[in-house]
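As written, the chains take the letters A, B, C and D, and residue 1 is the first residue of each chain.
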Amino acid sequence: MAGKKKLNVAMIGYNFMGRAHTQAWRNAPIYFDTAYEPVLKVVCGRHEKPLNDFAARWGWRETATDWREVVNRDDIDVVDVATPTATHHDIAISAARAGKHIFCEKPFATNVAQAKAMLAAVRKAGITHYLNHNYRRCPAVVLAKQLIDAGKIGRIFHWRGAYLQSWIVDPNFPLVWQLQKEHAGSGPHGDLNSHNVDLARYLVGEIKAVSATTASFIKERPLPSAGSAAFQGGAKGGKRGKVTVEDACFMNAEFVNGALGSFNATRFALGRKNYNFFEVYGSRGALAFNLERMNELEFFSEDDPSCARGFRTILVTESEHPYISHWWPPGHIIGYEHEFTHAVVDFLEAVSKGKPIYPNFQDGLKIVQVLEAGLKSAATGKRVMVAR
Amino acid sequence: MAGKKKLNVAMIGYNFMGRAHTQAWRNAPIYFDTAYEPVLKVVCGRHEKPLNDFAARWGWRETATDWREVVNRDDIDVVDVATPTATHHDIAISAARAGKHIFCEKPFATNVAQAKAMLAAVRKAGITHYLNHNYRRCPAVVLAKQLIDAGKIGRIFHWRGAYLQSWIVDPNFPLVWQLQKEHAGSGPHGDLNSHNVDLARYLVGEIKAVSATTASFIKERPLPSAGSAAFQGGAKGGKRGKVTVEDACFMNAEFVNGALGSFNATRFALGRKNYNFFEVYGSRGALAFNLERMNELEFFSEDDPSCARGFRTILVTESEHPYISHWWPPGHIIGYEHEFTHAVVDFLEAVSKGKPIYPNFQDGLKIVQVLEAGLKSAATGKRVMVAR
Amino acid sequence: MAGKKKLNVAMIGYNFMGRAHTQAWRNAPIYFDTAYEPVLKVVCGRHEKPLNDFAARWGWRETATDWREVVNRDDIDVVDVATPTATHHDIAISAARAGKHIFCEKPFATNVAQAKAMLAAVRKAGITHYLNHNYRRCPAVVLAKQLIDAGKIGRIFHWRGAYLQSWIVDPNFPLVWQLQKEHAGSGPHGDLNSHNVDLARYLVGEIKAVSATTASFIKERPLPSAGSAAFQGGAKGGKRGKVTVEDACFMNAEFVNGALGSFNATRFALGRKNYNFFEVYGSRGALAFNLERMNELEFFSEDDPSCARGFRTILVTESEHPYISHWWPPGHIIGYEHEFTHAVVDFLEAVSKGKPIYPNFQDGLKIVQVLEAGLKSAATGKRVMVAR
Amino acid sequence: MAGKKKLNVAMIGYNFMGRAHTQAWRNAPIYFDTAYEPVLKVVCGRHEKPLNDFAARWGWRETATDWREVVNRDDIDVVDVATPTATHHDIAISAARAGKHIFCEKPFATNVAQAKAMLAAVRKAGITHYLNHNYRRCPAVVLAKQLIDAGKIGRIFHWRGAYLQSWIVDPNFPLVWQLQKEHAGSGPHGDLNSHNVDLARYLVGEIKAVSATTASFIKERPLPSAGSAAFQGGAKGGKRGKVTVEDACFMNAEFVNGALGSFNATRFALGRKNYNFFEVYGSRGALAFNLERMNELEFFSEDDPSCARGFRTILVTESEHPYISHWWPPGHIIGYEHEFTHAVVDFLEAVSKGKPIYPNFQDGLKIVQVLEAGLKSAATGKRVMVAR
């Protein structure tokens, strides 16, 4: 990779997503023939000790604690936003103004106003912007898209999406930032339904109207000890605080093309860990996907002989499948983080060609518009048209 | 069975449900120790030729074409209502007035007004009334109820129900009675969501409010040839008529106990034949069931060692499982119609003891109230409280 | 069925198999258009009280305790042999000599000498003989055969068969007749591998040579109390007896056509109840079947687009599937006993046409030849050629 | 990782296994707190151009073409043997004589004589030796071992192992080295059964005697074009050569502890890509594993309430599961190559502590003894005792 052009990356944030992003920047140019060699230039966080440990372990050359300074550095080409949702707006707009390409973690923004400002900023800046709904880069999901585009599903009647987790069923699980409206904007609706809305838009099309209902099961929780993160817990003392986001949100949707869809998001589904599930039903076939078995896609086809139809489980590990030829032989599955590597590969390609990558901030706005309509519906008890 | 008391049955209707009911009346006293020996006294229908063929084949002693006369015969103890929904009201009320016990096929009624009148009639008559939501008599479903009642699921957070079929995806499938509002009342909402609402009430509890959205994909269909029935088709000539019921209905619901639920009913889900599916999520465990694998129940339990938790597939064919000791050894599965046999067994027991059986006309009213709220929600775009 | 010709049946034996056979004789003419109406003329057993109870419950007109007398009655057309294996030889030969058609339960015989004599007798008598390896009449298995015959699997490379049960894992399970060589001939090899060998011959072809290994885990067991049957237990007092059959037998086989196969039979596989499983691998496709999900067949086809291949789960409940049009609509599954009904339907057809039905006593001999070669291999540690 | 001790690695071979090993040496110290920081010092191969490309892409500091020189370099601490089987003997013995720790890819050796010499050499040298049967480092497999060791399975009755692939079903797939006896020693027996024998010894115990049967379906194949590798193909011209290894080997085995096992290895199972499957049946529970779903373990337990038993699917992604706390949150699955990372982590620990790691060359010898007994059995048609 000696002669390859370099692209300097600054990453803001270094927790769960920081790790997933870093391995992607590292692995993309090894497994794939990327246009650039990304350089792990600087990682930015607020707490020096863990930040330095992270940088040393993962190979970031420098650390910094002031993201505003970082995004304005001349030697930075790409800003990778891996922080909680509520901070995306300020970081992304600053980075755009500084002319940096942006690789932004989801959820995009906490509301439509933020989302519109972010989109306006990147459009004005003319930079490459990417919103990391990583499941679009799961090979099985891309295969689903290819089958739909090839007409194998036909006219689509239904989307049945669910994103089920269980990490806060325990009432003593602490009040991490994901459970606080000022940091997260909303609960599983923003965190999980956002993924499903992204996938539904990708595979089915735009959403016209929604009806949503939320539920709240545990109203107060112990305050977290310093550094406790999602999925882990660790409460401090006896103090408790209010949960200010919903615990679950079930939403039904009408698509512009007439399809009828459902979106079930919850963190109260024992036995489901990261169960991002969808089914697509059409006039020629059907699809089913479950992230916990992310190397598989289920496909039903009316093209099969009528006596021998059924959902087939495609093990999406053939060299002809999306991204797979760069990994292992058939039947040797890939893991969760590989999706991030694929995202970086495609992002580098987009930067190199000056062409858009999807989903991007435009998609981010549309997703937030759907989600906000959902919250409005839940609050008012009425079906809400999605702004267009 | 020589000395067993006899109970004379009159069955109105003799198509798909007529066959399922008849085998149940025949098999119940053989496999089980029933209180009565049911006598297949008279079967009633409008078309003499097929009616006589049916009676000869299945062992009904007499036939009749006027149900009003039949339900008033002195030698009849039980009226089995196996006709299209819209006729249930008149038949059931007449049978009740004549003092007959009633075994009534679902859907119960086409609207709340009918349902109330039917319930009032059976209450006044003091007879045994049963509404045949047969899936409550699937051993796996009863086991689900037992696990819930034993506290294995804990506080219930979610019901995720779906009833997916695909028999009318073909636009040339004819306009059978199930697609006509005057005969069926509604489409999959009444036909399929009624089953799911029954199961949700059985397993989770009463429903407080609903939000529903319907979809219509095929607006006109060929008129059916005489005698064509659901699942089969057979169009006559080129004439077409209007589909007057919905093609799909997705409904979300709030339960009185705070649980949040979803109900997805459609006849446009290719690959699903009779996919009556539900999941129940609680604070101690979770359950999943799929009618296409009706001998199995999936169960997740927090009581398992934390390193070894997961959904387990219980093959519900052990002699200790509900109803099973009367059938075959472990691992030898039972079929769809066995549920009807169980229903007859329990019905005979209820008649014998003078005790209620569930679901009955009281449940029928409550189900119709939920369904009617759903249709109102779909029409108005508003969340609708369920009448109580 | 008024005008239908009658066929008088005498059934010898009335336990588990007696029940399964009886329901078949009763249901065949109802669900199917059989050539004859079977008459449940006489059931024969040794213990009068339970025999009479059985006859009354199931509708047998007469009872008898001497099978020799029964098989020679002039008014009997068919002898149904539903007794333990060791008795088949005498009953079948007597019935054949009396010119009765024979419907014989499996396992066929305890050794090759018996099997040869039985085959000779029925050939000489010129009657219709059937050996009830019932799984050949499971719709999914017949569909497997149809796919193979249509070339969808291509040249067959492998058979991987297993029949796993767990009903004697408990060392206190009593010494029922199935565990005694003088009654059963052998253990799971004869009981379970016989089914698998039958299916392998049906789907793949004749077997040339076998290598087998047996295991014995529990050497002694409590003597059973009177009337305790397979799958149930019930020991009497403290007396123990020797288990004289193997507990498990694993056999590999070379087929005449070059395929390589495995047969694993055991009663020591916890979690498996009636797990009759097979896989067939060929040059164009593959199949997998599991009796515990007997309404399903898994099918892999190289005819699928290369990007979208995978095992598909065919729910074998379509009206075009074997036998199914006589039962319920798509997605409404059938149960274990329905296979017996199919067997009776085909048997009546064979009797009516004077044509052979398969498997019959000829197949029985071939199966016993394979099984006996397996036992010889296990005893000698050598590969054994199957007699032809 | 600034202050961490370094360990210089020389890797011989750089194809499929070279990539899998390299990522492991790179990732181990990032995700885990390893005792050493491995240095990718030198990679060795015969063809300079691809070798240099590989080294540049993957970060190896130097390249070399003479492995004998490399294994004797003073600055090398570890020799990683990632070459075809037939070369393991010479490389490993030279490396041992030079006092290098050895990380050796499987299959271990082509015969028992080689295996004995290799074991003697490492014993004499006193170095750390590891044989990379990587599936022992799949978290689900380690969990299986933990459940067995905790008594959850009880006395083991059965091992049912299969390793099914399909990459040479096409008769035009070329004659790669894996199909030539002089390079590979044997076919799927050595390549795939070796994995299964390793897992069986790990989970069940030592094997006493075996009976095996092999099959050969395609006798000749096109010669490969230069550089064509397993799983890929690419034939040159019309020349053909003889396949000198078996195409499939089915083996049954008696374990020292009395368990009865089966091992089915084939490359002719369409639909199976890397289907390394096993079941373990014991007196208290049972286990099932399939590498194509390597993040899952199926577990049946008699400790469950009798009404609620069944195989449960454990998603082995909890932080308490082996290795998992170093990766992602629950439900975020890992991929094939992560097993290699785990192997490097454990290998570094073993080197650091001077303690053995398993499996090692001692295990390699035992595995080869079982495999050689299997081939002898296949050739002679007799059960063969395994040398001990």
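A few comments on the model shown:
The working rule: a residue touches a chain if its C-beta (ideal position, glycine included) is under 8 Å from a C-beta of that chain, and two chains touch if they have at least 3 such contacts.
Treat the numbers as computed from the prediction; the structure is a model and nothing was measured.
Two chain pairs, B-D and A-D, are compared here, and A-D has more C-beta pairs in contact (counted per touch definition above).
Compared with subunit C, the chain whose C-alpha mean position is the greatest distance off is A. The distance from the centre of subunit A to the centre of subunit B, each centre being the mean of the chain's C-alpha atoms, comes to 41 Å. Averaging C-alpha coordinates per chain places the centre of subunit A 35 Å away from that of subunit D.
One simple way to say how far apart two chains are is to compare their mean CA positions; for subunit B and subunit D this gives 54 Å. Among all residues of subunit B, those that touch two or more other chains are 272, 300, 309-311, 315. Of all residues in subunit B, those touching subunit A in their complex are 157-158, 160, 162, 164, 169, 211-215, 217, 247-248, 250-254, 258-262, 264, 266, 268-272, 279, 281-286, 300, 302, 309-311, 381-383. Partner subunit C is touched in their complex by these residues of subunit B: 1-2, 16, 20, 23, 29-30, 56-59, 165, 167, 230-232, 272-275, 291-295, 315, 317, 319, 327-338. If you check the complex, the residues on subunit C that touch subunit A are 143, 146-147, 152, 296, 299-301, 304, 306-315, 318, 320-321.
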